[in-house]
Amino acid sequence: ARALAQTPGALSVDDLPALVGELTLYLGRGEGGLYENVLEAIQKRNPDFKLNIRRGVTAALANTIVAEAQAGVRRADVFWAVDSGAIGLVDEAGLARKLPADLTGQLKEGFRYDNWSPVTGRIRTLPYNTDKLTADKIPASVMALPDSGLSIGWAPAYASFQSFITAMRLLEGEKATGEWLKAMNKRGKNYAGELGVVMAVERGEVDVGFANHYYTLRLKAGKPDARVGLAFTQNDAGCLVNASGILALSEGDLPVNFIRYLLTREVQSYLASEAYEIPLVDGVVPPQGLPALDTISPPKMDLTQLADLRPTLDLMRRVGVL
Amino acid sequence: MLSVHNLSVDYGSTRVVDKLNLALADDEILMLVGPTGCGKTTILQALAGLIPISEGEITLGAWRASAKKPVPPEKRNVGMVFQDFALFPHLTVQQNVCFRLKDTALADHWIDLLGLSALRHAKPATLSGGQKQRVALARTLAHEPVFILLDEPLSNLDAALKDNLRWEIRHALKTAGVPALWVTHDQEEALSVGDRVGILNGGKLEQLDTPETCFCEPASRFVARFLGEASFIPGKLEQGRVVTAIGDAPGTPVDGATGEVDLLLRPDDVALTPAGAAGNGAVTWARYEGGTRLFAVNLDDGTQVKVRVSHEVRAEPGSRVQLKVITTHPLAVFNRE
Amino acid sequence: MTRLPGSYPLALLIALFALVPVGVLVSLASDTAQLFDTHNLKVLGNTLALMGLTVLGSILIGVPLALLTAYVYLPWRRLWLIVFAAPLAMPSYIGAFTLYAAFGPGGEINHLTGIPTPGFYGLPGAALVMTLYTYPFVLLTTRASLLGLDASLVNAARTLGMSLGMSLWKVVLPRVFNGIAAGALLAALYTLSDFGTPAIMRLDTFTRVIYVEYNAFGLSQAAMLSLQLLVIVGLVLFLESRVKATRERPGRRLTLWPSRWQVNALLTAALPVPLLSIVLPLAIFGLWLVREGTGGFEFSYAWNSAYASFLAAVVAVVLAVPVAHAAVSGKAGRLMERVTYFGFGVPGIVMGTALVYVGLKLPFLYQTLGLLVLAYVLRFLPLAVGSVRSSAESLDPSLVKAARLLGASPKEAFTRITLPLTLRGMIAGAALVFLEAMRELPATLLLGPTGFETLATYLWRVYEAGYFGRAAVPGLLLVLMSGLGLALMLTGERRGEFDVTEDSKR
Amino acid sequence: MLSVHNLSVDYGSTRVVDKLNLALADDEILMLVGPTGCGKTTILQALAGLIPISEGEITLGAWRASAKKPVPPEKRNVGMVFQDFALFPHLTVQQNVCFRLKDTALADHWIDLLGLSALRHAKPATLSGGQKQRVALARTLAHEPVFILLDEPLSNLDAALKDNLRWEIRHALKTAGVPALWVTHDQEEALSVGDRVGILNGGKLEQLDTPETCFCEPASRFVARFLGEASFIPGKLEQGRVVTAIGDAPGTPVDGATGEVDLLLRPDDVALTPAGAAGNGAVTWARYEGGTRLFAVNLDDGTQVKVRVSHEVRAEPGSRVQLKVITTHPLAVFNRE
């Protein structure tokens, strides 16, 4: 990453002001030590900066922030969530501070929001068992999947999956999504989380699954001979790029400057190479094992809209998927 | 001095103790006997304040408790020795005896006197029954109660141990000079240890007197039977003497008995001699008791008499024997039933 | 006699305190209109089936192991007991996950040895995992009851020609029914409130519905569903309270002296249980540790875990004492005791959120260790109450009377006699709370001080991220430290128990 | 016929029963007595197969058990009556007695014979101690054991009940014609009920003989003391007679005692008469026992002798009395210690 020529958008940490003071970060879902390493590195660079981290289930932290606000208490200065839905909840409650345009402007187009900033992206993929299939056997449209005759693993209770259905609902309409779910339900096998889906695919329990891309990449990192490959659909919810996001809850420069650090070249490339997340500022190479973003054609989507989960859940319940 | 006036206790609607009256002199030991369930434990618990009373009054030195105005147990200064000793299992012998004591001199005194010095630091679980008994006694005495209640303090012990301990306790009580109410269902214990004996039946006191009087002049057949082997044989009371089929004896009428009466015979009031084919009765059974033998003899009129004689006398069940009343002291005489 | 037992006011206070989170749930739920969704009927069926099977399974495993550890003359008896109780230290989701990863086609066992094994999923898989991690409740309560029984009835049955097995079945088990029921109750409540295991085993249960709602930010709906779950909890509590305790004079306990090969056979038969519940997860994590390497772990996490759990254990026992004594002294007290069980049957994350609301009312406590400890206490109070109660029930009432007659006021008699003599139950209760607090997750995440990491939160963090190798060290530490807690409990038990060996010194 | 050969039992490294040998005839009742902890219960449990044995052999009719080849209790056909009765609390009297029986005729027989017919449907918790005892006995007998073990079957009962029950049990055992081993620590029980008595001390059998022989010719001082009040006074054995300070008597030497010996006196072997200032001893204490009085008298040479006489004889502690050996049957004589 260091070898890369400097391109506009991606700043280096060296260009940023030193952080001074104390911040409390609510960190939704810990990502085991990798976010940790980033946060530690930031603190190490800024000896006068003290970061208090509270980790938790994303939804629980979002609920806590709302409850705190109702009680007139504010403990968190920054909220970093793996899931844009939680960001939406806090934003809707009117708790998020507006971010400066020069900050949001660093992000790739389509990822610029007023009150929050995406940090890294994750793309919806179809992991498949390489012993049973090749990528070309997988339909290019997610809507065609029910008719493909493949057995499919999914995790309907999982937040990322629900965001994906929300996207489908917005893109294809309520009716089509409902029919798709109904059809899929006949071939779908339920798992608790998408990590479970990827493992099931690898073991051959199902032919193909729905999962965020990084589960597959991480599995392969630990087990290079894993029998799992990644396929992408074209221009539909099946290859939606979603993002983890961060927002500032308290006034002042410090939260904003802290967010700036997360968008630096160093942090972004570290998250890309170690956590297999997709960098959202220009000029940072995407994680290994993932085709370049421009070879994939994700749908255009306002991620904040994905926070509108309620109709999705109702729909999923109605068709008996939940 | 303890005095109990018209004490009654109810459990729910059942009267368990009925109008009990008692008075105890200083350093007197009163034995309370009676069959199981007759209310002995209930009386002790009422005196100790562990259960509420329904009627009557208990006065002891400084305090007076009635149904309306109870006195809590810890204010009564009454000592109690429990049937199962109730030693605190988590405390050593010494700690048990000194429980709540500021001045432990008296505790040491009793520990030494009851031969517990070597066991001071032992826990109750490691003690034998007799040792536990002594600890319970020492604990009670060390707290200088003005009055002591003992609830069958020996019933959980071996027969062999009992006899000694009984006397040890009496001795300790007399040394301390404290009056005591001692509950037992062992008539031997009641007769030998107490200064007076009270015989309870269904919550009522049937007799309260010295052991000798209770044994020799029982107030009722119940008392007579309860205090030892008793045979009743028919006879006729004439001018202070009772004439029966197996001899006559001076008689003391109970409840003004006259004319056709039943004479109370104890096994040692009668002599037994093997009698070949003659005699006035036949042996039903014989029991070897070590130094003595106990015979049950069926008289020819059908009455059964129990006779205790030296183990040197032998008679097989079924054989004929001659019985004869040999006592010279007056025997109790009851109205024919 | 008509005076109220002295423990009632305190017990009532604690019971009300235990109801506070339930009250919060009610106020959260009051936002929703939807009472019951017929969709949930199938889920309800699954929930009840899982609970039933788990209770059955934990009795089937827990009771024989209780008999083994209480009656059979084993070499290293206490060590075996610790081994058999250790699954209480392992979060059940970890067990479910490793079992899933190890078995089945393509699982680690298949991968390493080439031997195909059947996979674990669905109702049977979830029930198996729940059983493996809840049977110690039954084991511990049943064993305590067994130790209080006199051996002579079994001996009588045997000399009347009944085989040993039948005698245990017909003569011993009916008398420890209440001990078994007490353990089964805890197992049932744990099963009702657990989320991870059924989710990993792909079984739709009530908790999953609650989670979906919760994660979709339908907090009020989640609270409503939790209240519905509490109805089941109440039913289970009611059923358990119908089990009549038979009171018996304790006597010399039964000792069985099997021959060496019989001992070996018994242990071999019992071994799969700790192998599956403790050794397998640690082995799988160990395997991944070798594959991936470790990092990021700090020993301070272990200290944090132990410290917070220890505080919770102490406070829980202190609060359990009046509740347990109230339960022993009368009907109303028994009701107060039942109330404290509710906290154990609500899914942790919902309970945790409710407690956030409680905590926010006490700003000086919010996000401090104090509130976390309080949360542990609210959730795990029943574990302590149960143990203290059973030891209070077996206390000889004449001891208190004796103390009173020696001049002690009721209060003094309580502190100097009753308390120390129920120490054994208190320590056992403390150990149970300690173990549960060690593996507790949602409340720890939500209520602990910011930056407060424990073994359980670290385990969760690396598990969530898929860095399973890193779970090996904290997993092992969790088991080891909980073993220490259990050893402590057994020492306390020994203080209250008088062995034959001690008996013979007379 | 039961025969026990060299039976030893260890708990860990302590030997609790040491090379016991026993043989029991059909329908014989053998009483086993001994102080607490001497191994009585252990012996019974070993015979019943409830604990493993370390050595020796037990043979009974069809089976033979040894340390190597144990026979499980349920295969032994041995009946056992427990100290605390061990009735199944959840079963009625009838169900207890019929436990595992196909044919209940014998159960009915014993229920009737032991007077339990009215209690058939009662639960044990509602029974009195004596009733429980009878149920336990009926249960054991109804299962037609070839051999019965009784572990202190009466020790949990009232003194008043004991005496009757003892005889009821004996009677039932004899009616059933089953041999029995009956453990007790009550010497009176041992002497009166058994056909033979075995006295245990520290896991070893000190004597095994008829009650009369054990009482009158004890094999050791331990046995003598254990079976009843025993006084030892010094004397000289000459040509079959012992000469002592209070008279002489025929003597039976134990262990070949000769010359300077100690004579075993039972309380009824001696006569006591109040003697004003003369006499050969002084009363230490006196106990009223109902029909009799027990005196402890210190002879002028310091030996203490216990004497039992009729309650009509009175003597206060401290007063002088004249003691005299009055027995005509031979007394046991021990080597001087």
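Each chain gets a letter, A, B, C and D, in the order it is written, and its residues are counted from 1.
By definition in this document, contacts are C-beta pairs under 8 Å (C-beta built on N, C-alpha and C of every residue); 3 or more make two chains touch, one makes a residue touch a chain.
Heads up on the chains, UniProt names are B, D = ABC transporter ATP-binding protein; C = Iron ABC transporter permease.
Small disclaimer: the values here were computed from a predicted structure and weren't measured.
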{"item": "Intersection of contact partners for chain A and chain D", "value": "C"}
{"item": "Chain A and chain B, separation of their C-alpha mean positions in angstrom", "value": "90"}
{"item": "Interchain centroid distance [CA atoms averaged], chain C/chain D, Å", "value": "52"}
{"item": "Distance from chain D to chain B - Cα centre to Cα centre, in angstrom", "value": "25"}
{"item": "Of all residues in chain C, the ones touching two or more other chains", "value": "506"}
{"item": "Numbers and ranges of chain D residues touching at least 2 other chains", "value": "none"}
{"item": "Touching chain combinations (by label order)", "value": "A-C, B-C, B-D, C-D"}
{"item": "List of chain D residues in touch with chain C within their complex", "value": "11, 14, 37, 45, 48-52, 72-74, 76-80, 82-84, 86, 88-90, 99-100, 139-140, 143, 145, 149"}
{"item": "Chain B partner contacts - residues on chain D that touch it in the complex", "value": "35-36, 128-129, 158-160, 167, 185-188, 191-192, 211-212, 215, 226-228, 266-269, 285, 287-292, 308, 310-312, 328-329"}
{"item": "Residues of chain C that touch chain A when the two form their complex", "value": "37, 39, 100-101, 104-107, 119, 196, 199-200, 202, 204, 208-209, 211-219, 288, 291-292, 295-296, 349, 352-353, 356-357, 360-361, 363, 366-367, 442, 445-446, 450-451, 453, 457, 460-467, 469-470"}
{"item": "Contact set on chain A toward chain C in their complex", "value": "24, 29-34, 36, 52-60, 62-64, 67-68, 70-71, 73, 75, 85-86, 89, 157, 159, 162, 189-193, 195-196, 199, 202-205, 215, 218-219, 222-223, 309-310, 313, 317, 320, 322"}
{"item": "Touching residues (chain side chain C, partner chain B) in the complex", "value": "1, 396, 398-399, 401-409, 412, 416-417, 420-421, 423, 498, 502-503, 505-506"}
